[in-house]
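Both complexes below contain subunit A, partnered by subunit B and then by subunit C.
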Partner chain A sequence: MPIALDRRNLDTWQDPKATPYVRIERVSKRFGEHHAVEDLSLDIFKGEFFSLLGSSGCGKSTLLRMLAGLEYPTAGRIYIDGVDVTDVPPYSRPVNMMFQSYALFPHMTVAQNIEFGLKQERLGRGERAERVDEMLELLRIAELRRRKPEQLSGGQRQRVALARSLAKHPKLLLLDEPLGALDKRLRENTQFELVNLQERLGITFITVTHDQEEAMTMSTRIAVMDAGQIMQVDTPTAIYEYPSCRFVAEFIGSINQFEGKVVESDGDQLLIETRLGRPMRVRNFHPLALGTPVTLAVRPEKMRLCLDYREDGVNQLRGVVEDIAYLGDVSIYRLRVEGQRVEMTLTNTQPRTEQVLTWDQEVAIEWSPTSAVVLTE
Partner chain B sequence: MRRRRWPLLSLLAFGYAFLYVPILLLIVYSFNESRLVTVWSGFSIKWYRELLHNQQLLEAAWLSVRIAAVNATLAVVLGTLAANALVRHGRFRGRNAFELLLTAPLVMPDVIIGLSMLLLFVAMQHGLGWPDGRGFTTIAIAHITFSTAYVAVVVRTRLAQMDASLEEAAMDLGARPLTVYLRITLPLIAPALLSGWLLAFTLSLDDLVIASFVSGPGSTTLPMVVYSSVRMGVSPQINALATLIVAVVTLAVIIAGVTSLRGSRTQRRR
Partner chain C sequence: MPAPQDNPPARRQRLSRVVNIGLPYLWLGVFFLLPLLIVLQISVAEPRLGQPPYTPLWEWLESGVLQIQVNLQNFMLVWEDSIYLTAFLNSLWVALVCTLLCLLIGYPMAYAIATAPPRWRIPLLMLVILPFWTSFLIRVYAWIGILKTNGLLNHLLLALGVIDTPLNILHTQTAVYIGVVYSYLPFMILPLYANLSRLDPTLLEAAADLGCRPLRAFVRVTLPLSLAGIVAGSMLVFIPVVGEFVIPDLLGGPETLMVGKLLWTEFFGNKDWPLAAALAIVLLGLLVVPFVLMQRLERRMEDSA
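This part shows the complex of A and B:
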């Protein structure tokens, strides 16, 4: 999994007294019969790097465009910094957007592109030039100032688009798939740069992405969306470790799921009976009645080889290796356990040739009760 | 095996000949000394000299150019507005009808346009007292009605190809709709406006049928003069005039080509 960047002192959403910077209140958007966004409410706080994550057509872009004023909600209100902007046209909002296609004006140079928004603000010539220089410097593209967009590489265009959208010093920056058009290496570097930039400028960022790695690396919080609704809003860690429903669990990373029901409650732990044979032990914070149908979910990397297998061991199972996928840093093992398929990821601490696990080998595995989650929906 | 090239080359030669031999003949015979267009009797520029003294022909040419310029300019304005409505305003009520009615003049026979315009102008003169007689104004109006359709088609294509997020980005950066149109949209569709203008200009300069219907005494366009004088027997003056027009057009094309070539070269160098 990608490394989540360390973000200290950025948990305003946990402060009950904090007022949200962006408040989306029961917003719906319909295009004819199609419901792009459906009764959606969301609070985003000052200084956040917030990601809207979902597959294409889930309504995340429509939501972003409504924040920019490029679409108007069919129902509901949107507040930015306490002001109701629902009906405010895009040119009067304290918001700027970086478009997925970058939308650089092809008939203007890089400097003219950056200056465009400042001209609309009727800033004086001197101040405009100063601000353009500041942006060129901030994104380290001073040498490109006289170029036209067609003479730039993809990465350069992205920086120019970013410079242009930051030039007006917006309080809120919207980014539509900001790294979508870049190749993998460039994307990784740019991720860190975007986060540093955001922290330095203190601007609230809201980005739309379909790339979970990107969202995990950069965001303070993520909203996972599906079919015009938010499935879960939380920090990257919580989204990954404690998904609230099966959709989120499946959308982020891969996960083993076993259907079953609650058979015993023991303090903060539950015993779940599944088709894996013995009941499985799992930590759970929400009280669940006996007999409740649930899904037990375990991430592949939470499993480990079991060295002291016992018939009555906690969360211990026996299986056979069916498939091995070698990915370099890790290997994914597909096991068959009690007729069920189980995926396990192990770090390749030794060269592949030295490894002990091989096809058709019988193995014992286990996981800690705190490593699994119980999903009820 | 070596590919035989002569079949393709001769096909190309035939194609060029088909297009340009008539014009070449016209130019050659404009320097003919003889009064008979088909008999070569020696080089001379006397028809050019005579052309300069042919008041009727020159006046007709000047009238045609003025009509063409007015027509092209107004057709570009109207056609661009129509194209905007079609491309940028979504599925408004009556859009299909609008599209059909806008482009119908493209396939309407000139005779019908000319006759219907004539009837309209006569009726208007009776009812409103305007236009007072027929001439410059009526010909220009008639030309604008069909030129607009051509311009709309050209501009529409260009508008549809333009990335709509450019306009959104401009608005997002604080530009009001009018500013967006003037600073972003217009510069980007300018090539289409130019070719639309040239197309409308040529269509107007070229038109004989419609102009014949809606012109009045004292307003004879160049094609009308040429046509009527040819019926009396072709005068080599016409050849001379045609040669001059071809020369001007060629010059314009060369200048346009050179400027655009230079433009793209400097861009690449930077």
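This part shows the complex of A and C:
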């Protein structure tokens, strides 16, 4: 299960004086009529583990391939470590990529695959052998060095591909769905290993993934993409807790949404009148004019059972249990509240047989004003 | 342990296995091995006037003696008369040169087709295969019209002012090269295309990403991975060209001495079936050796992997 990783002292992106290591400046990419990436700008800092997250066809892979030099932008510029690399061919970029299919050379052994990039650098034989050994050691695959790719398991191939892309000590490592081809258990272990490796080597990682859990676990920051554009760039926590728009809120995890409008603004709190009829109070950092139509969003796990339900209570609702999904550690309850469906997650602190909530039962729920988010777009 | 049941499904399965494996062997036996044995038998006979025009391998004499006659003189003659050795060497040389030429011309063509946009691939392949719609013989005859002294090629070159006097190409070894390369090019292109079209383009991207310029990537990735196609195409060209008879006969001159032509002359001209058969056997032996060597090499490469 994902546990928050130690990411202290890594928030370079908050330092206004820091210069970005990778700067993507108003980049567009069109394939004929199709706009894969549309006027996209993004700064990534040294030492980051950055994730491009989105569903398939959102342009994340195209963006990664443009960083590798495998595609050239239709417009805009790309800088890596201060150098404009927009028109630099892939073989001259200080960047290496781990391909989703791994793209290991089938006619070469593991060691030869790792050595391939080093040979292009005209390193001496001794130095090459040293580097290969170092990589085999780093990824604990020394015993596989004489094997051919077809003799390896999926997990082993993934390691060889990683070793090959790290062998040249790139300034930037690009990973295209690095864990996509692994089974679930292996994927969870490898997530942590990738992060440890990245922290040990200090190389900037940019990864493409459609798996939100993977992005949440590994990344320093995540860029959520849709239709060739970035919807939000932030830390995993901020993306989850404070989504900036409905798309991000719905894409990451599940969320309850209540439509309404601002009726009262009081310091950092807003009072919102929703269609469900009762006012809801929410903390908000951005000033919003009275009457602004907004969506109030609350994560299912932020809901709790309400013990002192009142007819005029703020952030309180009453509904009927329609569905229960028992997941072991938690249960998801689907309630019907005045025609709207509301999801609530409760931790199963007691065995299921002793649980209080059951189908068709009437329950009252509530949440704190600081647990909800106001979305305007 | 229970006795194996001989129930109908099992029996049917066994029958289907026998048919499946047996049928190809039967085919090979009747249409390949048997004719080969007949040729081998003729090669150790002596020519005679009559039907068939060679002595039988065995004969029951009236005294009840079985007489087996094995005549190795045909093979001795092939070895002793330098004309045959020259013909063999020349055939191998022509086949080698033509195979290399086909590879040089065919590889870029196969590569271009394999990397062309998908909607272009089938039309391009059709263009390669299209000549097969016309008879092989007619196509070779057409080359006479092109290559002869007052033929199309000389007219064109004279008109363009490239040459002053017509080139003498027809009935030279050069004409044989042209004819063979033209006729056998598809046999090189098709297996190469089959191989190259299966090549994962991501591998070339990976090579570029690891610092490999396109030409080096070709040498280090594409070429080794298309080795199987190169070998297959070369075999398909080399083997039939060694025994090729029509092209050297129609386009070649007196100095193009090739085994196929000699064999034809011995068989139809001199009616010396046994000598022709001996030539065929030697030719077969010459061609089997490199084939076996190639297979052994392949197996060793697999073992080392």
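Points to keep in mind about this one:
The definition used in the following text is that the second predicted complex is superposed on the first by the 375 of 377 C-alpha atoms of A that agree within 3 Å, B and C clash if a C-alpha of one lies under 4 Å from a C-alpha of the other, contacts with A are read in each partner's own complex, and residues count from 1 in each chain.
Everything that follows uses one rule, which is that a contact is a pair of C-beta atoms (placed from the backbone, for glycine too) under 8 Å apart; a residue touches a chain by one contact, two chains touch by 3 or more.
Keep in mind that this is a model prediction, so the values were computed, not measured.
Under the clash rule set out above, the superposition-derived model of subunit A with subunit B and subunit C contains a clash between the two partners. By the touch criterion stated above, A:His210 is placed in contact with neither subunit B nor subunit C.
Once the two complexes are overlaid on the shared chain, A:Arg278 sits clear of subunit B and of subunit C alike.
By the touch criterion defined above, A:Arg246 reaches neither subunit B nor subunit C. The interface of subunit A with subunit B overlaps its interface with subunit C at residues 68-70, 89-92, 95-97, 99, 101, 103, 105-107, 116-117, 120-121, 148, 151, 164-165, 168.
Residues 68-70, 89-92, 95-97, 99-101, 103, 105-107, 116-117, 120-121, 146-148, 150-151, 164-165, 168 of subunit A are the ones that touch subunit B when the two sit in their complex. Of all residues in subunit B, those touching subunit A in their complex are 163, 165-166, 168-176, 179, 183-184, 187-188, 267, 270.
Of all residues in subunit A, those touching subunit C in their complex are 68-70, 89-92, 95-97, 99, 101, 103-107, 116-117, 120-121, 148, 151, 164-165, 168.
By the touch criterion stated above, subunit C contacts subunit A in their complex at residues 200, 202-203, 205-213, 216, 220-221, 224-225, 305.
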